[in-house]
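For reference, chains read A, B, C and D in written order, and residue numbers begin at 1 within each chain.
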Amino acid sequence: MSADRENRQMKVGFIGLGSMGGAMAQNLLTAGHELTAYNRTRSAADPLQSAGARVVASPAEAAREAEVVVTMLANDTAVEAVIWGTEETPGVLSTLKPQAVHVSMSTISLALSQRLAEAHAAVGQVYLAAPVFGRPEAATAAKLWVVASGNSEAIDRCRPLFDAIGQGVFTVGEEPWAANVVKLSGNFLIASVLESLSEAFVLVQKSGVPPQQFLEIINTALFKSPLYQNYGTLIAEERYEPAGFKLKLGLKDVGLVLEAAEAVAVPMPVASLIRDHFLSAVAKGYGENDWAGLGRINAENAGLESLSGSSSSEYSSSVETSTQP
Amino acid sequence: MSADRENRQMKVGFIGLGSMGGAMAQNLLTAGHELTAYNRTRSAADPLQSAGARVVASPAEAAREAEVVVTMLANDTAVEAVIWGTEETPGVLSTLKPQAVHVSMSTISLALSQRLAEAHAAVGQVYLAAPVFGRPEAATAAKLWVVASGNSEAIDRCRPLFDAIGQGVFTVGEEPWAANVVKLSGNFLIASVLESLSEAFVLVQKSGVPPQQFLEIINTALFKSPLYQNYGTLIAEERYEPAGFKLKLGLKDVGLVLEAAEAVAVPMPVASLIRDHFLSAVAKGYGENDWAGLGRINAENAGLESLSGSSSSEYSSSVETSTQP
Amino acid sequence: MSADRENRQMKVGFIGLGSMGGAMAQNLLTAGHELTAYNRTRSAADPLQSAGARVVASPAEAAREAEVVVTMLANDTAVEAVIWGTEETPGVLSTLKPQAVHVSMSTISLALSQRLAEAHAAVGQVYLAAPVFGRPEAATAAKLWVVASGNSEAIDRCRPLFDAIGQGVFTVGEEPWAANVVKLSGNFLIASVLESLSEAFVLVQKSGVPPQQFLEIINTALFKSPLYQNYGTLIAEERYEPAGFKLKLGLKDVGLVLEAAEAVAVPMPVASLIRDHFLSAVAKGYGENDWAGLGRINAENAGLESLSGSSSSEYSSSVETSTQP
Amino acid sequence: MSADRENRQMKVGFIGLGSMGGAMAQNLLTAGHELTAYNRTRSAADPLQSAGARVVASPAEAAREAEVVVTMLANDTAVEAVIWGTEETPGVLSTLKPQAVHVSMSTISLALSQRLAEAHAAVGQVYLAAPVFGRPEAATAAKLWVVASGNSEAIDRCRPLFDAIGQGVFTVGEEPWAANVVKLSGNFLIASVLESLSEAFVLVQKSGVPPQQFLEIINTALFKSPLYQNYGTLIAEERYEPAGFKLKLGLKDVGLVLEAAEAVAVPMPVASLIRDHFLSAVAKGYGENDWAGLGRINAENAGLESLSGSSSSEYSSSVETSTQP
C-alpha cells in the first residue's frame, strides 16, 4: 500500500458530516489539510467549525476553491443532489475547477458512479470512486480501508487524504465503478455471514446448545475472525439497538448488489434470499434495527419469539391422518 | 384409459380406512367385490361392516384369502407396519398367496416402493404402485384418478378395482416407483401453486387490490383451472381450518419429493423453498392447518397479521442516516 | 363485465404497432373507430394504413385530435419517450386535449403508472392504466382481457375500445397502478408455473417417466388448465424458438414485480428465484428464447444437456472416503 | 479447556484409518497409549502396525480389551456397520466391556448419535459424541479441536486421548447429539462461506475486478480469517482437485444439517440453497471435486466456463420487442 505518503497540505471540500463523514473530516483537519465543509443539516458541522473548518451553505461553495471534493453521503439520491444541485442548493459540478477531483466515498450504485465519471469528464473535472470499509469507530481512529478506482494519477494526488483517514488503500483499476462493486460485494459478504450465523444459531438453540457457546467454538476452531466475533455476539445477545448499521441500509445495499449483478447477468441466490429477509424485517418494523436483526427474522421463522426464548409450538413429527390433496 | 372393463367380482383385502380409504372401500363393495377390511382403529371399520365387509383383526388376516390387497395409509411407516407386521399384528407378507397382488395406493417414498416390490417378489407375490389423485369428495364419488406402475398383466387384473373407485387409470411403466414419482411431483405442483398464489395475494393486497378479485381475474383470463379456484379461494378467505389436507402432510410429501430428487441428482429450488415455508408453519403451530396455510406464512413474512389485515408497520423507503458496516 | 357496450365511433390515437399493438389497432379499425397511428419504425404501420388508418410521424401528432390515445409499447423507457417526447419526436403530453384520455396498455412499472397519472393530471388530461392479458393470437381474435384502473367515468368512456379488442374488462379501482400490479402479478404466476413444471419435468424424466405423459396426467387429474397444457407442451417438447414471449422480457417483468413488492415491503421468494434463473438463462445466451426456456435452465442444472437427453453424469449416492473439512 | 491433563496410558480400540483416523491413531500411539486398530481395508493399517499397534480383523476384536473405542468413519452407514456388526464382522456392541466408552468422532447424524447412546446404555456401555474440527494436516499435527457431549465423567476419562490428538476440547452438555449438531452447523457455516464467496467472485470478475485481488481486500479489511484465505484461494484459483474434502461429502453433511433442523422445525434457507447447488454439482459430475467446487457451479450459472474465463454470451439489457405472454 501507500509508501510514498506526501504530507503536502491540500484544499479539501467535504460534503456529508454524518457519523462516518464527520470523523473523516476531523482527521483531514488533524492532518493539516484546509477544509471547507457542507452538511444539509447545518448543526452537524459545528464541531468541525470549532476545529478550524470553514462551513458553507451549499455544495457549490464547498467545491469552489477545492483541489479535491469528498462526498460521504447516505445514498445515490443524496449524492445526485449535491453534485447536480437542486433548486435551493447549487451543486458541485457548477463550481469545481478543471482538473480538480471529486472523490466519492459513499456506498453508491455502479450506475451512478459511471454517470458521475461522465458528468465530471464532460466539464474537465476528474472523478474517483473511493468507498471505505470500516465502522464509525474505525473512522474516528483513522483506521479505515480505502478502495479506489479511476485515473491512477488522480489517485496518487489524493493519497495524502486517504492516508489521513485510513490505514491502507487498494486500487482496483481505471473503471469508475470498480471500487463500488468491491465495496458492495464486501457488504454482501458481511450480510451473508449475518444470515448464515443466524440460521445456525437458531438450529443449535433449538437443539439445546447456547448460541454464545457455539460461536466461541466455531470462531476458535474455524474462523478466527473478529468480524464473526463481533457480529456473532450481536446476534447471540440479540443486541439489535442501537443500530451500528441500519437494517434498511443493508436492504438498500443488497439491492445495489443485485442491480450490479443484473447488469452483468450474474444470479446471486444468497443475495436474493437475504434481500427477502431484509424486506420481511422492514415489513415487521425492524428497519431501524442493526442489520444483524436478520437474527430476529430467522428466530421468528422458526417459531421463536426471541433467539433465547422458547418455541411457540412444539414440533411433533408424528403424522397420523391421511387425506388426499 | 380402461376400455376393457371387466365386471368380474374379486376378493379384496383393504387396509386403511381413513377419509380416503373408507370411501374407496365402500365403492369397491358397491361394485360387488368381496371385501375383507382392516383398520388399526377398529371403530373406523364399523360403517363398512354394516355395508357387508368382513372386518378382521390384522393385516395378515385381511390378506389371507385375497386376490388383491389394497393399502391406503398415511405414510411409509404405516405401510411398513402392515406389510412386514409388528409384534402385535402379523403382516401381509406372511399370508398373501403366491401371484396375489399388493396394490399400494398410499403416497409413499420411491425407496419404499422399491423395497416393497423386492420383498413381494422374493416370496412370489406381486407388487403394484397405484397412488391416486383426488380429495375425499372425489373418493366418495368414485372420481379418483389412478396412476399405476408395475407388471402390466397385474395392472390389467386390477382394472375392475380401479374402475370401481376412479374415473381413469394412467399406467406409467414397469418400474415400481414410477407411479410414486408422478404422485409426489403432482403434489409438489399443487404446493407450488399454493406458494406462488400466496406471494401474489400478499403483493396485490398490500397494493390495494383484494385477493379475491385478483383471483377471479387471473383464473378467468389465464388459468381457467378449478384447482386454482378452489385453493385460491381457501387462501383468499383464509379458510385454513378444518384441513382438507394437513400442512404437516404437505411437509412430509415435499420431503419425499426432495428425497426422490436427490436420488437422481435433481435440484428443485422451489421445492426447497416450500419445504422451508412448511417448516416455518409447523414451527409456528400451524401443522394441523390445511396446507393452503402457506398463505399465512407469506402474509406474516410481509408483516401482516392476516391476509386481509393491515400491516404491522408502514414501509418507508426513505433512507436518511449513513453509517458504515 | 361490460354489458352496456356503446357502438359510438371514437377518435383514437394508437402508439406502438408490434405484434400485440398492431392487432389491437386493426380491431379498433374494424369496429369503426377513427385511427391515427404512430410507430417508431414507420414500415410496421403499412398494413394499418392500407386498412384505413392515418399514419403520423410523431406521438404528438397521434394525440393531437384524439379523444383517447392508446400506448402499447415494450417497456417503461419506450412509454416515457412517447409521452414526454424526445428531441426528435414531441410527445403526447404536449398535444393531447384537456379531458382526453391516455390509456396505457403496456406492461409497465407501478412507479411509471403513478408518474403518468400525475403528469397528465397536471395538464388537465386523464390517465388510465389498462394492461391486457392474452398472447398475439388472442389480440388478433379480439379475445384479450383488459384490466383497467383509474377514473371510473373515463373507464366507461373507453369501454367501446376495450370491447373492440377484448372479451371482457375488469376494473380494479381508482389508483393508477392497481391494474399494473394485477398484470405483473399475473405474469409472475405464469412464470412460477414455468419454473415449477420445469423442476417436476426434470425429476420425472430422470426417474424414467416422460414429461409429456406426466403433463397429460397432472393436467387431466389436477389442473385442467389450457395454460398448463400450452406451456407444459412447450417445455416438454423443448420448443423454445421462436419465442412467443421472450425470456429477457420475462426477466424484465419479474424485475418489475420485485420492484413493486419492495415498495410495499413484500418478500416474494419464488419471484426472486425465478429472477435468478432468468438471469442465468440470459447469461448463457438464451435471452431471445421463449420464457418457457426456464426448462432449459432446470435441465442443465440437473446435468442434462436437454430435457429428453441423458445425464452428463450418473449419480451415485455411495460415499466412501472420509476426510475432514 | 483441559487443564487437568492426565498422562495415564489407556487401552484404546481404534476403528477407521482414513486420512483423518490414521493420523489420529498415530498420535495416540505417540502419546503412549496401547492401540488395537481395525480398518475395513486391511492394508490401510500397515503403517500403524509398524508403529506398534495391534491390528485385528473385526470391530469386535478392536473393542474386546479396550477401555475406550474410537470410531472415525465416513458416514452413518459405516458407523452402524461397525457398532452393530454385519454378517462377516461382529460389532463393537457385542464385546465392549461394561463401563467402557465408545467415542464417536465421525460426522454423523443426530438421530444415529441418539440411537448409539441408547444401544450402548442398554448393555451398560458408555457413549460419547466427540466429532472434531480440522483437516488432515491438523490431524497429523495433533491440532484438531474436539467437541464432546455426553456423560461428563466419561469425557474426563477420555481427556488424555483428546489431548493427544488436539489442541482443545469443548464440552457442550450431556445430550448425546449436542456435539454432532455443533459439528454439522460448523460445516454448514463453512459451506455458506464457499457459496457466498463464489457468488461475489463471479460478480467482481464479470465487473472487471480479479477475484484474487477482491479476496485480498476483503480479508484484509473485513474478515482477517485464515479460513477465508484458504478457501477463497481455492476458489479464486479454481483448484478443485485433488479434493481436501469431497463435494459429495459436503452434500451429505448439508443433508444431515437439514435433517437435524427438520427435527426441531427450523427452516434454513441458505442450507437448502447450498444443497441445491451441491446436487447440481454432483449431477454435472463434480462430486469428487473439493467442496469449494461450488465456485464452479456459480460460475457456470453466470454463463462462465470458468471463473477466469470469458462469458459465453454478452448481456445486453436492451429490450426491444413486445409480445404478450
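FYI, contacts are C-beta pairs under 8 Å (C-beta built on N, C-alpha and C of every residue); 3 or more make two chains touch, one makes a residue touch a chain.
Keep in mind it's a predicted model, so treat the numbers as computed, not measured.
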Other chains in touch with both subunit A and subunit B: C, D
B-D or A-D - the one linked by more C-beta pairs in contact: A-D
Mean-CA-position distance for subunit D and subunit B (Å): 37
Length of the line joining the C-alpha centres of subunit C and subunit D, rounded to whole Å: 49
Subunit A, residues touching no fewer than two other chains: 133-134, 190, 261-262, 265-269, 273, 279-280, 282-283, 301-303, 311, 313, 315
List of subunit D residues in touch with subunit A within their complex: 110, 133-134, 145, 147, 168, 170, 172-173, 175, 177-178, 181-182, 185-186, 188-190, 192-193, 195-197, 199-200, 202-204, 206-209, 213-214, 216-218, 220-228, 257, 260-271, 273, 301-303, 311, 313, 315, 317
Sites on subunit C touched by subunit A in the complex: 255, 261-262, 265-269, 272-273, 275-277, 279-280, 282-283
Residue numbers on subunit A that touch subunit B, as the complex places them: 16, 18-21, 72-75, 106-107, 132-136, 138-139, 187, 190, 243-246, 248-250, 252, 269, 279-280, 282-285, 287, 291, 301-304, 311-313, 315-316, 319-325
